[in-house]
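Below you'll find the structures, each written out as structure tokens.
Two complexes follow with chain A in common, the first pairing it with chain B and the second with chain C.
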Partner chain A sequence: MSTAPVIQATELSRWYGIVMGLNNISFDIGPGLTGLVGPNGAGKSTLIKIITGQLRSSDGELTVFGLRPWNNPDVLREIGFCPEDDALPDHLRARTWLRGLAMLSGIAPSAAPEHVDAILDRVKLERVHWEKPLGQFSKGMRQRVKLAQALLHHPRLLVLDEPMNGLDPMGRQEVQSILKQLAAEGTAVLISSHILHELETLCPEILILNWGRVIASGSQLALQRRLQGVEANLHVRCSDPARFTRVLFEADLLLGFDSTDTADDEGGLNLRIKNPNRFSESLVDLLTEHDIALHELRSRDRSLQDIFEKMTE
Partner chain B sequence: MSQDPSKLPTFYFGSALRGMWALVWAQRCTTGTFIRLGLAGAAVAFLMLLTVRSGNEQGWLGWVVGFYFQFLIPLTCLNVCGSMMRAEVQANTLSFLCTRPLHRHTLFLLQYICHVGWLQLMFLVCTLALFTLGGVKQVEGLGGLLPMMLFTQILAIFAWSALAALLGLVHQRFVVIGILYWLVVEMGLGMVESSNINQLSILRHVHTLMAQNEIVVSVFKWSAEAPLTAGLVLGGATIFFLAAASALFTFREYLPSQEAGQ
Partner chain C sequence: MALIDSSYTHRDGETRGINYRRWVIAQATLTACLKVKGMRWVVWSCWIYAFLQGIFLFGFGQLMDPSSTVYAFITENLGLFKPIAPMFQGWAEENPRIAIGMTYNLFFYIFTGAIVSTLTLSLVALGMAIPRLITSDLSSRAITIYSSKAVSRLDYCLGKFGGVMLLLTITWLGPMLATWLMGNLMAPKISFFWHTAPALLHSSMFVLAGMIFLGLMALGVSAMTSSPRTATSIWVGVLLLGVVLSGIGLSSKNEWLQYLSFWFDLELLQRWIFNISGDFKELSAEYPGITEGDIFKQMKLRLDITADNVAVAITCLSLLGGAALLTLYKKVKPE
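Coming up: the complex of A and B.
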């Protein structure tokens, strides 16, 4: 699989009048699953609209597969877009709508019906709903139809804005499995979502936006390592919690702690470690020197939520 | 079997036109549309039957040319083609179209062709129904008037729809702008006889084409001079409005958020 960037932004800015949507951002997004994270107003929707050719940049450049997306069928042929908004032409039947869009995407009229049926099967929309007007669809069914229209022309880049909205847990799992399968088949998938724990399990790569700027990008693992250079949250269980915290304070490694010492968590401590690298280097020596037995040590900084909160602090 | 993605064509106007036609047809052919059309048609037919005496060409032409042709058709064109893109923006469904692998001007032209196609079919049926009523009312000369009226109607719908599509892209209050345009250019400048500024009026050229029929001339006293020029002007105006609208849609972003602030 090629590792060349699928999306490349160079000093990209976008203004809405005097309001800045994106502020001089540069990043690369490669193949595979990438999560786009940011609070409201961070610029996620603006970025997605530029990527999918619905908006132009005010300054700088964004390319998808090396080309600018605005008014460019060569790029749009490679992009599938599933918008966040729940707006669908409610009076149209799912099949009719998708067949029309399939033909608009270049599928031959003779092939469109079977093609649409195959896509509807792929997104697991039950056949009984295919001939119903979209206005009668539940939110979860609407999400599936929106996903289906994005897949109609077999895009090499799939851009999804809050694709899990309105889906029940089983539906979320099914959509996740579809997206993983697409990624395995070589489709680059960019997912914007506020459900961070879903992105955490789905997307190895993350792009975090805040106030129109990229504040972090890369693999979740790399971002965690970056954060761990500053501080880390750990949970330990040891033979002498009071002594262990004192030792860590004396070694200038501890920022704070909570005791979680209960019957279920004997000798338990939540620690805020000041310098994780130095901590890991000196831990064995400190334990040996002070004769403390360590029963458990695990990181509490595992979630994307932690990364997101720390990055947007 | 679904189509092989590697075999998707790079240019496929015919297929795209079929797709857009399927969407527009499904969008327009709703029970509500047919009920509204039926009620409007029944109301016009009822009023016509009530007010037009048998064999009265003037009364019948007053309805068909004065009301239907000069008022109802352009207003419907304004409503249908003015809203064809604007309604998608307002409903937030334009992204489904704009992200298809088509140039923006192609997308606009497809929308225009399909909406005009729908209008042409609808008004063809309406015109035939009006002529049938004329036959019931024993209006003379209908056989000679019908082909000329249909020919003019087709050209006029193309031109008015193109203008409406342009106005729809210019501003969300396209109906107000359209009515102002109608009052100022069509009804105002178009009626000025002392200079050639009246040539700006589409309606004036429509009158010229209609005036090729003797009954129309006898009732409305329109000038029948230079019908070829009138036809060319209608065609030229259509191309001009479409080119302007295509350029506008190509270079301007249309987002619901901007719509709210417009």
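Coming up: the complex of A and C.
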């Protein structure tokens, strides 16, 4: 699989009058699943609109597959977009609307019905609903139709804005599995979502935005490692918790702690470590010197939520 | 360097070009318009109206042929027409350019722009269709999805414009062509076609110009708002404003006020294309007595038109069309 960037932004900015939507950001997004994370007003929607060719950048450059997407049908035919908005015409039937969109994507009228049926099956919209007007659809069914329209032309880049909204847990799982399958087939998938734990399990790569700037980008693992250069939350179990905390304080490594010493977690401690790198280097010496036996040591900084909170602090 | 391989289609099967996609938008627009409640009645009315005009013109054509059944029926059964039919036939033999060509030109002049005409019905059809043109895409926000597909804003607008043109073809151009064809059916001589051809040419020119202008106006109004009711109200308002401005301008003899009315501008354009005053001049040269009456004098005065009048009317129509295009440019976007 090619590892060339699918989306590449260089000093990209977008203003809305005097308000800055995106502020001089640069990043690369490669193939596979990438999560786009950020609080409200971070610039996620602006970035998505620029990627999907619906908005022009004010400064800098963003390319998708090496070309600018603004008003460029050559790029747009490589992109499938599932917007957050409830963007369906209520008076049309699901199958009729999708057939029209398939033809709008250049599929011949004779091939369109078969193509639409296959996509509707893929997004697992039950057949009984295919001929119903979209206005009668539940939120979850509408999400599936939106996903179907994005997949109609077999795009190489799929951009999804809050695709899990309105889906029940089973629906979310189904959509996740579709997205994973698409990524495995070689489609680059960019997902914007505020449900961080879903992105955590779905997207190995993350792009975090805040106040129109890129706070962090890369793999979740790499981000985790970067954070550890500042501080780390650890859970330990040792033979003498009180002594161990005192030793760490004296070594200027501890920011805080609380004891979890119970019958189930004998000798347990949650630690906030000041300098994780120095902690790693000196841990063995400290334990040996003070004759403390270490039974367990694990990081508590695992969730994307932690990364997000720390990055946006 | 661009990383896109232009031959890459992601699926088996051909991918059709941009003109096909524009055609898809046009077709979908027409289908959506025809599904509006009552639209089929309007379309049927246009064709029935055309059919009735066609019957009249067919009868007129048959008057030129003494061997036709219609001619025989009129001369034998309609006492009043008994002397008129042979007189008319003789006139057509003697001066077909005036007897046939001018009559057709006047007929099509009156019926392509009259108050009761397929133009009026087409305006009603447009009023009914406006919420389904762009307004519905804005209100449902489906425009976000359309604009993410491989069609540019221009392609989308061209497709929509094509849809409006198709609708107006069904309600205005098509019936007009059908009327002309019916009038020429079983014509006594092939030369009949040549004499009626200028009327067809003038009608086609006026109807096509009107279609383009009204199509742009309808799209502009449809793009102004995401509320279907507001869009229809604006359309009705635009039509009424045209009537009111034209009326006030006429009564106050303020020509400039009249030019602000697209009705007046279209009428000037129509007069210029059909050149009825030229026909009257030709008629008075050939038959000096005919055009001496007061009615003819008033009509001639009213129908006289200068190149400046036409230039101003075309400029005003172009400005209105330009305003509609600007509205489209500003409003047809996902946000």
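Odds and ends about this structure:
We take it that the second predicted complex is superposed on the first by the 313 of 313 C-alpha atoms of A that agree within 3 Å, B and C clash if a C-alpha of one lies under 4 Å from a C-alpha of the other, contacts with A are read in each partner's own complex, and residues count from 1 in each chain.
The rule is short, and it goes like this: a contact is a pair of C-beta atoms (placed from the backbone, for glycine too) under 8 Å apart; a residue touches a chain by one contact, two chains touch by 3 or more.
None of these values were measured; they are calculated from a predicted model.
Clashing of chain B with chain C is the outcome of superposition onto chain A. Of the two partner chains placed around the shared chain by superposition, neither chain B nor chain C is touched by A:Ser13. Of the two partner chains placed by the overlay, chain B and chain C both lie in contact with A:Ala111. Look at A:Ala4: by the touch rule set out above, it reaches chain C but stays clear of chain B. Residue contacts after overlaying the shared chain place A:Ser58 against neither chain B nor chain C.
In the overlay built on the shared chain, the residue A:Leu67 is in contact with chain C alone; chain B does not reach it. Using the contact criterion defined above for the overlaid structures, shared-chain residue A:Ile119 touches chain B, although it does not reach chain C. When the shared chain is aligned, no partner comes close enough to touch A:Thr260: not chain B, not chain C. Touch criterion met: A:Arg93 reaches chain B, while chain C stays clear of it.
Judged by the touch definition given at the top, the superposed model places A:Ser219 against neither chain B nor chain C. Mapped onto the common chain A, chain C and chain B collide along 129-137, the only clashing stretch among 75-83, 93-101, 129-137 or 183-191.
Residues 49, 52-55, 71, 73-74, 76-77, 79-81, 83, 85, 87-89, 91, 100-101, 103-108, 111, 115, 149, 153-154 of chain A are contacted both by chain B in one complex and by chain C in the other.
Contact residues of chain A toward chain B in the complex are 49, 52-56, 71, 73-74, 76-77, 79-81, 83, 85, 87-89, 91-93, 96-97, 99-109, 111-112, 114-115, 118-119, 149, 153-154. Interface residues of chain A, counted against chain C in their complex, comprise 4, 49, 52-55, 65-67, 71-81, 83, 85-91, 100-101, 103-108, 111, 115, 146, 149, 153-156. The part of chain C that touches chain A in the complex is made up of residues 1-4, 6, 8-11, 13-18, 20-21, 24-25, 28, 136-137, 140-153, 155, 333-335. Listed in rising order, the residues of chain B touching chain A in the complex are 1-3, 5, 8-10, 12, 15-16, 18-20, 22-23, 26-27, 30, 91-93, 95-104, 110, 250, 253, 255.
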